[in-house]
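Note that chain A is present in both complexes that follow, paired respectively with chain B and with chain C.
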Partner chain A sequence: MSSYSITEPSKRQKWVAGSLVIFYAVVTLMPLLWIIATGFKSPSDAIAYPPKVVFQPTLEGYVNLFTTRTRATPEMLVQAGEPKTWYDRIVRQYDMVIAGPSRYGERFLNSVIIGFGSTFFAIVLGTAAAYAFSRFRVPLKDDLLFFILSTRMMPPIAVAIPIFLMFRQLGLNDTHAGMILLYTAINLSLSIWLIHGFINEIPIEYEEAALLDGYTRFQAFYKVVLPQATTGIASTAIFCLIFAWNEYALAALLTSGTAQTAPPFIPTIIGTGGQDWPAVAAGATIFLLPVMIFTILLRKHLLRGITFGAVRK
Partner chain B sequence: MSPTHFERAAEATPPMLAKKIRGLSDRAIAWIFVAPTIFLLLAINIFPLIWTIRLSFTNFRVNRPNAEVQFVGLDNYRRILSDSDIWLTMQTTAHFLIWTILLQVLIGFSLAYLINKKFRGNDLWTTIIVFPMMLSPAVVGNFWTFLYQPQIGLFNYVVGFLTHTDPSSFSMIGDVNLAPWAIVIVDTWMWTPFVMLICLAGLRSIPGSIYEAAECDRASKWRQFWTITLPMVLPFLMLAVLFRGIENFKMFDLVVQLTGGGPGSITELTSINLKREAFEKWRTGYSSAYAVILFVTVFGLASIYVKALNKVKER
Partner chain C sequence: MAQIKIKNLRKDFGTFNAVKSSTFTIEDGEFFMLLGPSGCGKTTTLRMMAGLELPTSGEIYIDGEEVGQKPASKRDIAFVFQLFALYPHMNVGKNISYPLLSQGMPRDQVKKRVAEVAEILGITDILKRPVGGLSGGDRQRVALGRAIVREPKAFFMDEPLGALDAEFREHMSEELRALHNRMGATTVYVTHDQLEAMQMGDKIVVMNHGSVEQFGKPQEIYDWPATMFVANFLGSPSMNFLRFEGMLGTNKSSVEMNSIDFKIPTTLEGAKGKLALGIRPEHIKFSDKAQYRGEVLATEYLGTTQIVTLTTPNGDVKVRTDASGKIKTGEKIGLSFDPRTVTIFNAENGKALLSNANQGVFNRG
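For the complex of A and B:
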């Protein structure tokens, strides 16, 4: 018997706890698995009753997601000849021909551009500010930090009213630059708070040694502090990216065409007679998968990220 | 630290830039580092905030740019605070807040407690459970409308199967009595992991020696739970509640995609109501006052939060 055996849960306890947690995990995963599965169903399988668990997988949803199609007359079909590609063949089952790409690709790309753009600026500005807050005497530091945090807590719709008016004046409505600017400002709160915490954990002695060795303050910052804060900054970047990626309220109000991101677009995917659920599911799957992968990468810093650095493991 | 590391970094600096920066004092660098952030916050946060406050005293409407803008004093505020529809919205929000927080705390804490039993593979399952909360709420809300479909939806099918009722006999988002619970269920599904993670951190922060001492004193497990576990997790739990409180107070994307505030205005939370006033009825001045009221509320909550946060940090 080891010395801490009295506090170690018994085998039976572990077994019961484990099965309960696994049961919850399976139940909680069902909706997500259902989304992924629906993406591979045919429209009739997707709305079958009772819901189909076993089905013939098809890429119809993905084809519908990325293309626009038109119904073709028999003459047109003859004229078009035999379908040349696998996606042509899928569409041809319904006497349709592919008219062109859909807007999903563009919207997805917008999400990528705006997400990465705003993350980059939020990290650069946030790292600099966090370093200053951590190492220098900045007047009203605590008030500033609190104010920065409180900006994140504002209801997005309340923020949107003046931003909408301001962007209209400046011609920033529905532009990539406008959205990047806005998300940068919102993400700054997270990046400053998180990176501030990470930099605080780096002993100040390293910099002092570097300064004694003749380094300037700036050199000490990027040669001593930055390399040590890399992991923290990287995980902060992923959190910023996920926020910008997931954001809906401001994107729905401030973008409509050129700069529209995927979240406001996916619910508008309409098929013939209501929502084209396999296409919506396909769009959601492609959109949600990167976040799930990032979640796995982030799992060590997850707690810190979601609590603005209040809780550290 | 190896010298090569420094050499490599030194080479990367353009000499002109390095020379320029070398002369800067700490104070100058502090300013250079903080100034862009301050500038951006002024432009995107402070300036719009002041603009909102100014608009809140007028009858300005965006869709009538040529109409004369009148100063109406506190009229907008008076109308909002005496508007019975807005109080109804507040009640809806309160119902949503109370139930989501209650359920998330109960389920989240239980899960954390079970995971803390350190069964094999608990890390893996924790990561899996966390997935829902990282996803885009709007996309999730949209997809849940599919799961909630009366005839074909998975949710209705499972509930129908378990309770031996016809799955098409009830509509979670179409029924006035069920819709408020439909949004509570999805929010709980999505955010329980959040409470769970924070509770887990709390549970793991309790040193095992305390339990050993209690064991030596022959304290029962039940008593250990109430006198050690719960009090020590409480600050973490409070933090989680405040976080969820603020987040759900401003809830918009998930619910707007799920029910759109309907049926009627049964699930019209404050943010959805505000969106209708500001961007559908275009009552800009009125909704600015509304926004200011929400700002003040959230600011109050936020300051409580920071106090609680500091308490947790002290431990």
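For the complex of A and C:
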């Protein structure tokens, strides 16, 4: 007999909790797994009915994602000679030749620049503002904080038209700077509020001790407050990045060429040469990776960050 | 080391006046106590001296130099916080060495200093430990280590024993006092514990509602309180006040209360109206011959002594007396007061009347 404890859950409770977690994991992971699987299917397998769970994996989707192809006449195929690489071979099955790289690479790079760039600025500015709100006597502090939060209360798309007009006047349409500025502005309210909460939890005595130890205000902030706020900053950074990375509506409206991010680009794959679902799925899979990696890298902080302040140290 | 002078120091937080025109001097090497109830402005005063708050008006001199508007980092002062404020992301050794690194001291020298300080405080074996898991006493020692490592002009301590449990407090206060005797550094110590203040301090400032009530040596303040507040705040049980309406001229050596004459130290100041005769519990004797009588309400046994509470025509009185005497409640006992220890207060404004006994202690500016 194991000893009885009121805090340790019973075996049955553990079973129930475990099955619930597994059920939830299956429900949330299913679409993700389906997308990843579809990326490795052939176009006919992708739309097969009933849906295929077991299939012959192929890299067709990925090849189609990264290349543009043209249908070739038999003469052209003869002229082109034997396919030289594995991706050439895949394309030849359909009597096509690779005409050049697709724009997915550029769009993906745009997403990286704009997503991480805006996260960086939202965090730097947000931390500075949050520190000031937390430590200094700011006139109308509560009103200002509420105002900052209120910018979050409407859907960003509500201001899309004014922003579009403003951006056109300022020459920011379809530029990296414009998109970084926009996402930074949207994320700032979130980052200020979250980090403000975290900094409030850090006793002011630590800074005062550092001041008395002969450090300047900035050194005290940099060497004493920041290391203790990393948890909060890291989790806030994840939230900011996820927003900027996934944002579709404004990106679709404000970018078209040079600064277009991956989200508005991926659907355009559908339109060129039939509904190429494997290519779309491949694009989505690759698109998922950076945020996934970023989140895994910071997950230690994230977990601590979400539960922070729930239990008094 | 340093002499610290406070002149007409005042601090307002918006419309709230935290400190009203404080003036006192801390001599070089003194262990100086800032004593008062919570919210009396003692911590604010200390924080202004340290540079963590800027005074609204008034001056602070450290070694003759006016530092009132100087940032904390330029004052060369060490501060021990009530909750220690050890940097949680550094280990013990790093915490102690941190103030030295700000001065740009070479690493090997820092190491030597930290080792010395750790030796003094007996924490050499925990230098590599993170501060998170330390006991209260060890945290306290690390905080002290961080303060003394730099050899600053003065140490400021804000209720440093407040977070420790009672048993350890006593031990730590001895340790603190011993450390002070060894280093001889000017120390300013904030506390609300009158016992701690009297035990440890060379001098005490008693503050109330933002103003200085009295400052001087512990014994002087205890024996000759300048105000009824001080008389009440120091000592346990506190001074008895026998309240009466009357008149007192200058150069008198007795006062009439309830038609009985009581001998008092010769007055140098007169008053009329509501008065109070103040006397410490240990200066009242039971005497069958005494005219003034009280009825016993209760007794508290304290080991070597007992506290007897009596009701008199002028209010309740507590008497500290030998524990061996058998005293029953309801008993009527005569009370005689030691005339050399009596202070007469003007009960209207709470101030002690000047007499030839306390004039040496007061410096009423």
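The rule we apply is simple: the second predicted complex is superposed on the first by the 269 of 313 C-alpha atoms of A that agree within 3 Å, B and C clash if a C-alpha of one lies under 4 Å from a C-alpha of the other, contacts with A are read in each partner's own complex, and residues count from 1 in each chain.
Just so it is clear, a residue touches a chain if its C-beta (ideal position, glycine included) is under 8 Å from a C-beta of that chain, and two chains touch if they have at least 3 such contacts.
Computed from a prediction, not measured in an experiment: that's the story for all the values here.
Engineer: With the two structures laid over each other on chain A, which partner does A:E205 touch: chain B (first), chain C (second), both, or neither?
Structural biologist: second
Engineer: If we overlay the two complexes on their shared chain A, which of chain B and chain C does A:Y248 touch? Say first, second, both or neither.
Structural biologist: A:Y248 sits against chain B, while chain C stays out of touch.
Engineer: Pick one for A:I296: touches chain B only (first), chain C only (second), both, or neither.
Structural biologist: first
Engineer: I'd like to know which partner A:L140 touches here: chain B for first, chain C for second, both or neither.
Structural biologist: neither
Engineer: Mind working out whether A:T216 is in touch with chain B, chain C, both or neither, as first, second, both or neither?
Structural biologist: both
Engineer: Looking at chain A, which partner touches more of its residues: chain C or chain B?
Structural biologist: More residues of chain A are touched by B.
Engineer: Applying the document's definition of touch, where does A:V54 land relative to chain B and chain C: first, second, both, or neither?
Structural biologist: neither
Engineer: Touching A:P227 in the superposition: chain B (first), chain C (second), both, neither?
Structural biologist: In the superposition, A:P227 contacts both chain B and chain C.
Engineer: Return the residues of chain A at which the contacts from chain B and from chain C coincide.
Structural biologist: Touching chain B and chain C on chain A: residues 206, 216, 219, 224, 227.
Engineer: Using the touch rule from the top, collect the residues of chain A that touch chain B in their complex.
Structural biologist: My answer: residues 4, 6-7, 9, 13-15, 17-18, 20-22, 24-25, 28-32, 34-35, 38, 46-51, 125-126, 128-129, 131-133, 136-138, 146-151, 153-166, 181-182, 184-185, 188, 192, 206, 216-219, 221-224, 227, 242, 245-246, 248-249, 252-253, 262-264, 266-267, 275, 277, 280-281, 284, 287-288, 291-292, 294-296, 299, 302-303, 306-307, 310-311, 313.
Engineer: Applying the document's contact rule, which stretches of chain B touch chain A when the two form their complex?
Structural biologist: So the residues of chain B touching chain A come out as 1, 5-6, 9-10, 13, 18, 21-22, 24, 26-27, 29-30, 32-34, 36-37, 40-41, 43-45, 47-49, 51-52, 55, 62, 107, 111, 114-115, 117-123, 125-139, 142-144, 146-147, 149, 151-154, 157, 167, 189, 192-194, 197-198, 201, 204, 208, 211-212, 215, 236, 239, 243, 246, 249-250, 252-253, 256-257, 270-271, 274-275, 278-279, 284, 287-288, 290-291, 294-295, 298-299, 301-303, 305-306, 309, 312-313.
Engineer: Under the touch definition given earlier, write down the residues of chain C that touch chain A in their complex.
Structural biologist: Touching chain A from chain C are residues 50-52, 71-73, 75-79, 81, 83, 85, 87-89, 98-99, 102-103, 146, 150.
Engineer: Touching residues of chain A toward chain C in the complex: what are they?
Structural biologist: For chain A paired with chain C, touching residues are 203, 205-206, 208-216, 219, 224, 227-228.
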